[in-house]
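Order of writing sets the chain letters: A, B, C and D. Residues in each chain are counted from 1.
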Amino acid sequence: MQYELRYQVIEAKRQSYQNVIDRFGDQPATRYQEATLDVEPRENFHYRPTWAQDRELYDPRYSALRLTDPYTYADPRGFFYTPYVTNRAGLHDEFGKTLSYLEDRELLVTLPEAWRSVLGSVVIPLRHYESGCQLVSVTGARFAHGTSLAQCCTFAAFDRIGNAQMLSRVGIAVAGGVGDVLTTAKQEWLDGAHLQPLRRLVEEIMVADDWAEGLLAIDHVDSLLFPAMYSGLDEKALLGGAGAYSLVAQYLTTWFADQRRWLDALVAAWRGDPEHGPSNTEHLDRIAATWRPRAEEAVGALSAVVADRLDGVAA
Amino acid sequence: MTSTLRQVGIDIQDAEENRPLVDAIRADNPELTIRHLPGLLKLQAAGRIVVNRETVEAQLGREWDTGEFQLAIVSYAGNFSEWDDDQIIVSWEH
Amino acid sequence: MTQAKPRAKKLPLKERYALLTRDLDWEPSYVEREKLFPYTSYEGIKIHDWDGWQDPFRLTVDAYYKYQAEKDKRLYAVLDGFAQSQGHLGLADASYLNAIKLFIQGVTPLEYAAHRHFAYLARYLEGPAPRFAALCQSIDELRHCQTQIHTISNYNKYYGGFHSWSKMHDRVWYLSVPKSLFDDAMSAGPFEFLISISFSFEYLLTNLLFVPFMSGASFNGDMPTMSFGFSAQSDESRHMTLGLEAIKFLLEQDEGNVPIIQAWIDKWFWRAYRMSALVAAMMDYMLPKPVMSWKEAFELYFEDQMLGGLFPDLEYYGIRPPRHVEDAIAEKDHLSHQVYKILHNFSFAAAFTTQTPGVEHSAWLSEQYPGTFDELYKPVWDKHARTEAAGGRIFFQGLPQLCQVCQIPMVFTEPDDPTSTSFRTSSFRSETFHTCSDGCKWIFDREPEKFVQAWLPVHQIYQGNCGGPSVPEVLDWYGIQEGDNGEYKGSPDQRSWAEWHSGAPKQGS
Amino acid sequence: MAVKALYDYEFPSADRAENFGDDQLVYVHWDGNPLFCSAACFRVPKAMPFGEFVAGVVAPWAGSDPDFDAAAVAGWRLFDEPLQPADDASLADLGIGHKALLHFSA
C-alpha cells in the first residue's frame, strides 16, 4: 500500500521560491522565510519621493544603522502576520477575561486609595506614552530597510496601540465602566509635573529623523519603565491589597519580554554586522549616551511618585 | 436619479456559516435581490440594506456581535452610514 | 460575542471606541506640531478639524486580533488541505495558472507596497483616527502579501513562472506597469496617496479587479486563491471605507480642497484603470473556464455601482465623474483583446505562457463581445492559428514602444476608431514623450517633472542596464527560467499536466 | 503645472538623448496591421542611412508577419507628416530624431 501511495505523489520541481533556494539550497522553507526574504523592492524605482530629497522610496540611508544584508537578521519569534495575530489574539483574549473577572467582582473599583492614585496619575497616563511609542515604531514600519526589520516594527507599532488600549480599558474599569479616570489621567499627562520629563522625552523622540534612533531611544525608556511600573510593582501590589493590579500588569510584562526578543536580536545583528558593525556600534553608543540619561530622569520622576504614594501601604 | 433609488450592494462569501446571516438580511430587506456568482452571493437593494443584530441572532440561535459581520463580507457598494452594537446600515448618503 | 450578563455601566460602542483610539492623542507642547507632522501642508490640502473624521468600523485592537486570527485559521486550513490532497491536480487546466503567475508577480508586490506606505500615513497624518485606520490597513496589506505568497507557494513547487516574483517585479517589462503606479502614489504626498490608493484604487476599482477574479478562481478549481481572495476582500471592505471616508472628510474640510481632489480623482482613475487592463486580459483570455467578461464586470462593478451609485453621492461635494471616463467606457469592448494581444506577442519575454484562443473560447468571446470580437479581433487570432497549424508561432521580434505614463506597450486605439492606434506626444525640455491616450497625456502634461524619470523597461534594455543586449541575457537578468515563457502548448507546465493526467495505471503496474 | 514637493523637484529625463551617445531611439509603426500589438522601438545610429535602417532593422522585425512583403513598404510618415526618404540619407539628415515615430504601410 505504502509503495503505491508514494508512486502517486508528484515530485516537486522545486521546494521553495528561487530567492530562498539561492540562500539555503533547494529544500523545504518555512512560511516565515517565504513571507519575509527579499520581499521589499530593491531597485529601479521610477520616481523620487516629493517628501524626501536625495532618497529613493526604499533606501538604507533612512537610518545610520545598517545591515550589509538585512535578511541575515531574522525575527527570533518567527513572526509573520498569522503567527503574530494568533499570538496576540491569545494575549488580548486572556487579558479581556482577566479584566472581565476583575470588573465583575469590582476588584479594580475597590482598590486601596493609594493604588487608585498610582493608577490614575502614573500608570493610566502611560497609555499616551504607548501611543507616542506607536508613532515611533510605525516610522520603522515604513523606513526600515528590509522586510525582516520592517515587519517587526509593524508588529511593534500595532502592539503599542494594543498596550495603550489595555491601559485604557483598565482605566475604564477602575472608574467603574466610564471614562472619568481616563480624563483625569490625560490631564496628568499634559500637566502633572512628574509626567513632564517623560512627555517631553517622548515628544522629542517622536520627531527623531532616524527611525532606528527613535526606536532605540524608546527602548531605553521601556527597559526602565516596564520593570518599574509593571513587574516591579508586583510584590507591593500583592502585599498591599492590589492583587487586581498585579493581574492586569502581568500582560504588559509578558508583552515586554516578547518585545525584547526581536529587539535584542536586532541590536546584536547591528553590532555584529561584518561591514557596518563598527560604525553601528559607534552609533548605538552615541544613542545610549544621548537618551539613556533622559530615560533615567523621566522614569525616575515616576518611580518617585509611586514610592511616595505607596509609602507605608506596602510593607 | 434620487438617492433612494440607487442600488447599494453587499457581497457575501457563499459559505454554510453565512447562511443564517443572509437569511436575516433577506428577512429585514424585502426588496433584496440575490445573485449567485461562484463562491459569492451578491445582495442588492435600492437605497439601503440593513443588518439587524437581533434578526441575525434569531437566525443563528446564538449571540452575534455586529463586528462578526467582517468575517462574512467580501465587498460592498454604498456607505456604512451606521455600524453600532445593534445595526449595520449600508446606504448612499446624498 | 456580547457578555451574557449585561453590566450596569457599559460605554456605547462609539464612545468606547473614541476613548480607545482618538483620545490617546494629545497636543504636543515640547516640539512644534509642524515638526511632528511635516508632510501635511505642501500639497495644498487644508484641514481645519481632524476630529471631523468618522470611524464607521470601530474596530479595537483586541477585536482586530480575534477576527483576523479566526480568518487566518480558516484560510490556512484550506491551504494545508489543498496541498496535502494535491489539489492542484483538480484545477480546470494548468494554463489557468498563468493568471496566478501574473497575480503574484504583479499584485502581491503591490500589497507589500501598500503595507509599507500605509505605515507612512499611520505616522504622518495628523488625526489619530485616520492614523489608526491607516495602521490597520498597513498590517492588513502585509497579511495580503504574505497569504498570497503562502497560497501560491504550493503551485510554485510544481509549475514554472512563480519562483522569482519579487525580483521580477523590480525588473520585468510588464511588471513596471503596476510598479510604476505604486511608485507614483508613494512618491506623492500623504493626501494624494490616500486618494490614489484608498479611494481610486480600493474604492473605485478593487471590486472590479478582485471580485470577478476570485469568482474565476473558484470556478476553475483554485480553492486556495478563492479563499485568500475573499478573505482579503473582507479586509478590503474596511479599506474601501477608509477611502470613502477620506474623500468625504477632505471635501468637507475646505472648499479649496475640491479642485485638488478632483484633479487627483481624474489622474488616479485613469492610472488605476490603465493598470486594470492586465486584469481585463486575465479575465477574458487566461481563465480556462471564464466566469464573467471584463465588459460585464466593468458594467456591473464600475458603471452601475460607481458611476451610478457613488458619483451622484459625491456630486453633493462638487465632484464630477473622472475625466476621461468616457474613453474607458468606449474601450470596454476592446480592452481585454488588445492587452492580451500584447501578452501573446511578448510572452517569449515573460514569466508566463500564452496561447491563441481555441474554438470554444473564441465562441465565448464572440458571445460576450458581439459588436467587436468577430469583426476586429478574431481575424487576427485566426491568422495566428493558421501559422501555428503550420508549426509556427508568431512573436513580436523586437521591443515595443511604451507609454511614458502607464508603461503599457502602445496598443490602444482611438476611442472613436478601433482600427487606428492612438498616439499622443508631448514635448518637455526639448524631448519628445509618447503616451497612449488622452488620459495618459493629460497625466504627463500635468507633472512632466515626475514622469520623465520613468524607468521604462524597453529604453533601459537599450541603455544596457538589463543584463546585456541580447534577449537571452535580458531573460536571464529577469530571472526567467527555461520554459517559464513562450507558448503554452508544449510548455513544461502543459507537458507535466498531460503526464499527471494521462491516467497511467497505478495499481499492479 | 509643476509637481508639488518639499524641495526643488528637478530630475533629468531617464531616456534623454545623451544617454544613447551616437545612437538614438526610433519607433516604427506598421499602420493597419493588427498582428503587431504596438509600434516597435529600436536603438540605431543617428548616422544610419535610411535604406539600411529599413532593410536591416525594420524588415527583420516586420518579417515575423508571414504576409510581409518588403517590396510593398510605402507611405512613410514621420509623426503625422509624410516623408519621402532617400535610401542613402541618414536618419539625422531626414530629421528623424531621438524618440521619433515613423509610420509605414505595406
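Things to note:
As a working rule, a residue touches a chain if its C-beta (ideal position, glycine included) is under 8 Å from a C-beta of that chain, and two chains touch if they have at least 3 such contacts.
Since this is a predicted model, take the numbers as computed values, not measurements.
Centroids of chain A and chain B (each the mean of its C-alpha atoms) stand 37 Å apart. Computed from the mean C-alpha positions, the centre of chain B lies at a distance of 26 Å from the centre of chain C. Chain D has its Cα centroid 32 Å from the Cα centroid of chain C. The geometric centre of chain B is 56 Å away from that of chain D, both derived from CA atoms. Residues of chain A found to touch two or more other chains are 48, 50-51.
Not a single residue position of chain B touches two or more of the other chains. Multi-chain contact residues of chain C, defined as those touching 2 or more other chains: 38-39, 42, 189, 450, 453-455, 460.
Contacts between chains form some other arrangement here, matching none of path, ring, star or all-to-all. Of all possible chain pairings, those that touch are A-C, A-D, B-C, C-D.
Across the interface of their complex, chain C is touched by residues 1, 3, 6-9, 11, 13, 37-40, 62-65, 67-68, 70-81, 83-85, 92-94 of chain B. Contacts from chain D toward chain A in the complex involve residues 3-7, 9, 11. On the side of chain A, the complex with chain D involves touching residues 48, 50-53. Those residues of chain C whose C-beta lies close enough to touch chain B in the complex are 1-2, 4, 12-14, 56-59, 63, 67, 70-71, 206-207, 210-212, 214-219, 226, 230, 233-234, 236-238, 240-241, 244, 291-292, 304-306, 308-310, 312-316.
Touching chain C in their complex are the following residues of chain D: 1-6, 9-17, 19-20, 25, 27, 29, 31-32, 34-43, 60-61, 63-66, 79, 97-101.
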